[in-house]
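Take a look at the structure below.
Chain IDs A, B, C and D follow the sequence of writing; residue 1 opens each chain.
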Amino acid sequence: MAKETAKTHKEWEKPLLELEDTIAKLREAARREADPVKQANYIEKAETYQEQCNRYVKLMYSNLGDWEKVLVARAEKRPYTLDYIQSIFNGFIELQGDRNGFNDNAIVGGPAEFNGRPVIVLGHQKGRNIQDRQMRNFGMAKPEGYRKAIRLFEMAERFRMPVISFVDTPAADPGVESESRGISEAIAAAMLKMFQLTVPTISVIIGEGGSGGAIGIAVSNRVLMLEHAVYSVIPPEGCAAILWRAPERAPEAAEALQITAKSALSFGIIDEIVSEPEGAAHRDPAGASDLIKEAVVRHLDELLLLSPAELHADRHAKFRKLGKFAETF
Amino acid sequence: MAKETAKTHKEWEKPLLELEDTIAKLREAARREADPVKQANYIEKAETYQEQCNRYVKLMYSNLGDWEKVLVARAEKRPYTLDYIQSIFNGFIELQGDRNGFNDNAIVGGPAEFNGRPVIVLGHQKGRNIQDRQMRNFGMAKPEGYRKAIRLFEMAERFRMPVISFVDTPAADPGVESESRGISEAIAAAMLKMFQLTVPTISVIIGEGGSGGAIGIAVSNRVLMLEHAVYSVIPPEGCAAILWRAPERAPEAAEALQITAKSALSFGIIDEIVSEPEGAAHRDPAGASDLIKEAVVRHLDELLLLSPAELHADRHAKFRKLGKFAETF
Amino acid sequence: MNPSSEVPGLVSLIALRSPASGPDGAFLQCQNCKKIIFSVEFEQNLRVCPHCQHHHRLTAQIRIDWTFDEGSFVEHDTGLSSVDPLGFPDYGKKLEQLNAKGENHDSVLSGTATIEGLKVSAAVCDFAFIGGSMGSVAGEKITRALERGIELKCPVIIFCASGGARMQEGLLSLMQMAKTTGAVEKCRANGIPYIAVFTDPTMAGVLASYASVADVIIAEPKALVGFAGLRVSKQAGVGKVPDDFQTAEFVLKHGMIDRIVSRKELRATLAGLVRTLGGHLLHAEAEA
Amino acid sequence: MNPSSEVPGLVSLIALRSPASGPDGAFLQCQNCKKIIFSVEFEQNLRVCPHCQHHHRLTAQIRIDWTFDEGSFVEHDTGLSSVDPLGFPDYGKKLEQLNAKGENHDSVLSGTATIEGLKVSAAVCDFAFIGGSMGSVAGEKITRALERGIELKCPVIIFCASGGARMQEGLLSLMQMAKTTGAVEKCRANGIPYIAVFTDPTMAGVLASYASVADVIIAEPKALVGFAGLRVSKQAGVGKVPDDFQTAEFVLKHGMIDRIVSRKELRATLAGLVRTLGGHLLHAEAEA
């Protein structure tokens, strides 16, 4: 099955895209057609195809395999952090810099209003076009990204603002520059800072939850995950390379690693799966935004009932209990 | 007077050094001389010169002019921070790095025992020989030096250790690299961190207290200053260059700026002048160490009677009141 | 080809730094691109050159007028004036001259105001007064402005414009770096947001103290921002000096400031920050 | 010219990573310089090559013997063992095999000990157990070791040696990064000093969590220290890879660790840190 071994979301969605293209052409033809009979014919055909298309979308997205989830989570058209900030928040003011000599564009953040309340919102940001993607380093943050996040966390603490983080990164940047400025320390220090906070914190895995790069800004009181997002300790390609010296066996590795929202929920690692609209977030960004907003509002309202000390203790307790092992006494 | 316009301490001390050289030669001649009469003659001469030399030392150092203080404070032979750490502290373990990608050798520090008590000690470090001087960047710290200091301050706070800092820098490093990594922020952040501390802090200006580079690690409950150290908002050369476009008029500028321990004390900027042995610290490093230790022990004992909150408030109050202005209502 | 040399009769070469902006209908010359600007347009454009977007320096008073709600600024600390504690060459004389000219607010104006209806404590440096240098009076006013934020439970906005410490007050001016930074620490401990705006120039002792430890730092485009004089930096540096060295753009790239904001968007940005970062203070006030 | 090829009969090419160091009188070959070492001398020299000073890897048990006061180490958390939560290919089998071999402490040994008479909580990674990888058991033991420091009011020493997270436990192993870092935060809040020693190798998920946020970080000479595999870093990097990339020397130069300490000075350095940074705990104890 070609579907099973597609390497990109675009490739995997190809039949659907072709069908949509045909529909668009039919509708265009109908629009230009003067003869009402021919026009009705075009429209009828378009509608038949549209029904078929809708059925396909439902079929394809209602039962995604693990590897397909990876493709969807990485989809070029999937809404990114700034899209959700735009649609869910008001008056966002981006703040920049690590105050140590560097600024990273793979993590963005700043104050904004959420549901009428000032919050700090931040997240990994991938790029849309080629230049943007390079400028954002494909959403792979360098140490200065995590240090910017730490600054924002400190600001949130100082001004009693809840923190909402969007997670969407293939991994932290693994280059020589990142190593030389301490990418490991930056990730660890960001996690440590998140543990220190006494304000409500909520993370939403919206696309790729890639390993240390993800957890670095995801140590929150509540961790939500979009239905088709993935969260993994290692990219499936890397896992396949290590296990079988065959990166092309990534789809198998994806299954072995259990990277879906459903398994993350079953292990108690996330608190809730946020449904996506039919055909996934990229086919209805506004719908996805509404669903995210509803879930975050609900969790935030719950957390706002807790005292600062309770919020701190709650977050510690949440992560303290994660892990599966046997113990004999 | 040649004395007045000397540009280095070596130049200024030249007559003394020549005399000492002569004495050394006479003593050596006496040691090698077989004829007891001639020998006695050599020894007698040496002793006469020695008395003369001692008189000179007393004379030269008992009434140093402002510019002479600058020369003495900058003297190549003057004990540096690591010399005092060696002589006054036990079991010093140097800790390094800013945990942000850089390490600076112009500021050194770490835990040690002082008078039987664990403390954090740190300070600017100049170099003795050419390579060492370059490695230490002539005691001019870069941002990473101040960020290392911040790490040490945080450690002191966490583990309830008093902080003792030695100040000895011409200035913070003003180069392109330092600007690009935020030397200004680093100095300001170090001062801010010192204000946050709730442990006793004592700074000792041992040589050059050069402007922002100095105050960055000198915001302490008690600020002591060696008798012949200097403390200034701008190097006299820089001041002369701005005022008169004549850096060579630095001696005049030194007087105008009032850079001596005596004036710092009169403005309430330092708490005590620590006397130096006759002929200044470099002629008796052990004696200088004893005098510093005695003063620091005394001030530390006083501070140890204060609670953490009192130490914090005391430091704020101390700096809050500095400044001279008129106010009408 | 300089238009001013072509039509000299039409051009009024008023120094753009002076508070007087010239009579209506007069022309001015941009300090950066040297092009001619109709002075009414220049004022309407907040003294930003319509040709090259150069942000010309503002006086403290104009800054206040264009930032805060109309008539909302109330000056405080007006009784403070500089003395000459060291008997420094020519300093006393200079202070007398400035006093005689009615320049009696020293290099900082401090007070309270509202911005989009939100209460703030504010301080504005005046570069025209001895290069905006920070002596005892400037340090005291900045410190009081920060403390006033704590007292009134409102955010603090400081517009920086300074060549650095005022060397004529010697070590006392160095101590203002510590004093003002201490006040910032008190703001932090009390949850008071503090926003700094770096205007041209923000240098040396001011940059290396209260300016750089603001919660949020905004700069005007092309503002000079640096620690050491360019000459000193060049002497010290082994490497090449970048073209944008010591500009707002340089420090933004190096993570030392949050944003560069054009003058016409500055007021709204400041109000947005005051509203969000200061939200907890309004909330606490409403509950009290 | 390799001496071992000259005198092959005399050379016992025992793998230096194995716990058995070979019979007395045997010869070994340095893994780094390939020179011949008399095995008794090798042991006396704490498995540091007398020719090139290469620090060969130690087992967790030998590390304990050579660091802490004789017989003072008491192992805790011995009942913990790994399960196969994902049914990951071959993982269950591998665990069974290791169990059968008596390798039942997983990749971390945790316990309490004294060093120069001073009480500490300790954990030591064992690279021999699935590359010292951190799964649920390792994460739990590190967490307990840190918590034990709080409970017993004593400093914590952790010897790191790990390739990273244990991917066979999927996301659960990623969560150990957060869990262990949370325990470090609790130590900080409680004034418990935590000292990490980076031994060869300290990588990836371990480096990017509890290892890097220690109060003091010491590394053994030449230890491999890095976030990503060298191949990945090289692919990602545009610039040149430095010769000392991902070594203890590299991270020291880049300010990420405090000191490189040779094995023979390690014990004294650790004791000195425990004595000074933990001084307030002894003081508090004496007062109680």
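Simple rule for what comes next: a contact is a pair of C-beta atoms (placed from the backbone, for glycine too) under 8 Å apart; a residue touches a chain by one contact, two chains touch by 3 or more.
Note that the coordinates shown come from a computational prediction; the quantities given were computed from them, not determined experimentally.
Enquirer: Which chains sit in contact with both members of the pair chain A and chain D?
Expert: B
Enquirer: Looking at B-C and A-C, which one has the bigger number of contacting C-beta pairs?
Expert: When the contacts at B-C and A-C are counted, B-C has more.
Enquirer: Report the inter-chain centroid distance for chain B and chain C in whole angstrom, where each centroid is the mean of the CA atoms.
Expert: Taking the mean C-alpha position of each chain, the two centres sit 35 Å apart.
Enquirer: How far is the middle of chain B from the middle of chain D, if each middle is the mean of its Cα atoms, in Å?
Expert: Centres of chain B and chain D (C-alpha means) sit 41 Å apart.
Enquirer: How far is the middle of chain A from the middle of chain B, if each middle is the mean of its Cα atoms, in Å?
Expert: The computed centroid separation for chain A versus chain B comes out at 55 Å.
Enquirer: If I count partner chains per residue in chain C, which residues reach a count of at least 2?
Expert: Answer for chain C, listing residues that touch two or more other chains: 188, 254-256.
Enquirer: Could you say which residues in chain A touch two or more other chains, in rising order?
Expert: Answer for chain A, listing residues that touch two or more other chains: 99-101, 180-182, 185, 189.
Enquirer: How are the chains arranged in terms of who touches whom: line, ring, star, complete or other?
Expert: Here the contact pattern is something else, fitting no line, ring, star or complete shape.
Enquirer: Mind listing each pair of touching chains for me?
Expert: Result for touching pairs of chains: A-B, A-C, A-D, B-C, B-D.
Enquirer: Which bits of chain B are touching chain A when the two form their complex?
Expert: 99-101, 143, 147, 180-182, 185, 189
Enquirer: Provide the residue numbers of chain D that touch chain A in the complex, in ascending order.
Expert: Touch residues, chain D against chain A: 79-83, 85-86, 88-89, 135-137, 139-140, 143, 165, 167, 169-179, 181-186, 188-189, 204-205, 207-213, 226-228, 232-234, 236-242, 245-246, 250-251, 254-256.
Enquirer: Under the definition above, what is the set of chain A residues touching chain C in their complex?
Expert: 91, 93-103, 110-113, 117-118, 144, 148, 155, 158-161
Enquirer: Which residues of chain C touch chain A in their complex?
Expert: Interface residues on chain C, with respect to chain A: 188, 191, 193, 215-216, 252-259, 269, 272-273, 275-280.
Enquirer: Note which residues of chain B are touching chain C in the complex, please.
Expert: 172-185, 187-189, 191-192, 195-196, 211-212, 214-216, 219, 231-234, 238-239, 242-243, 256-259, 263-264, 267, 269, 315-316, 319-320, 322-329
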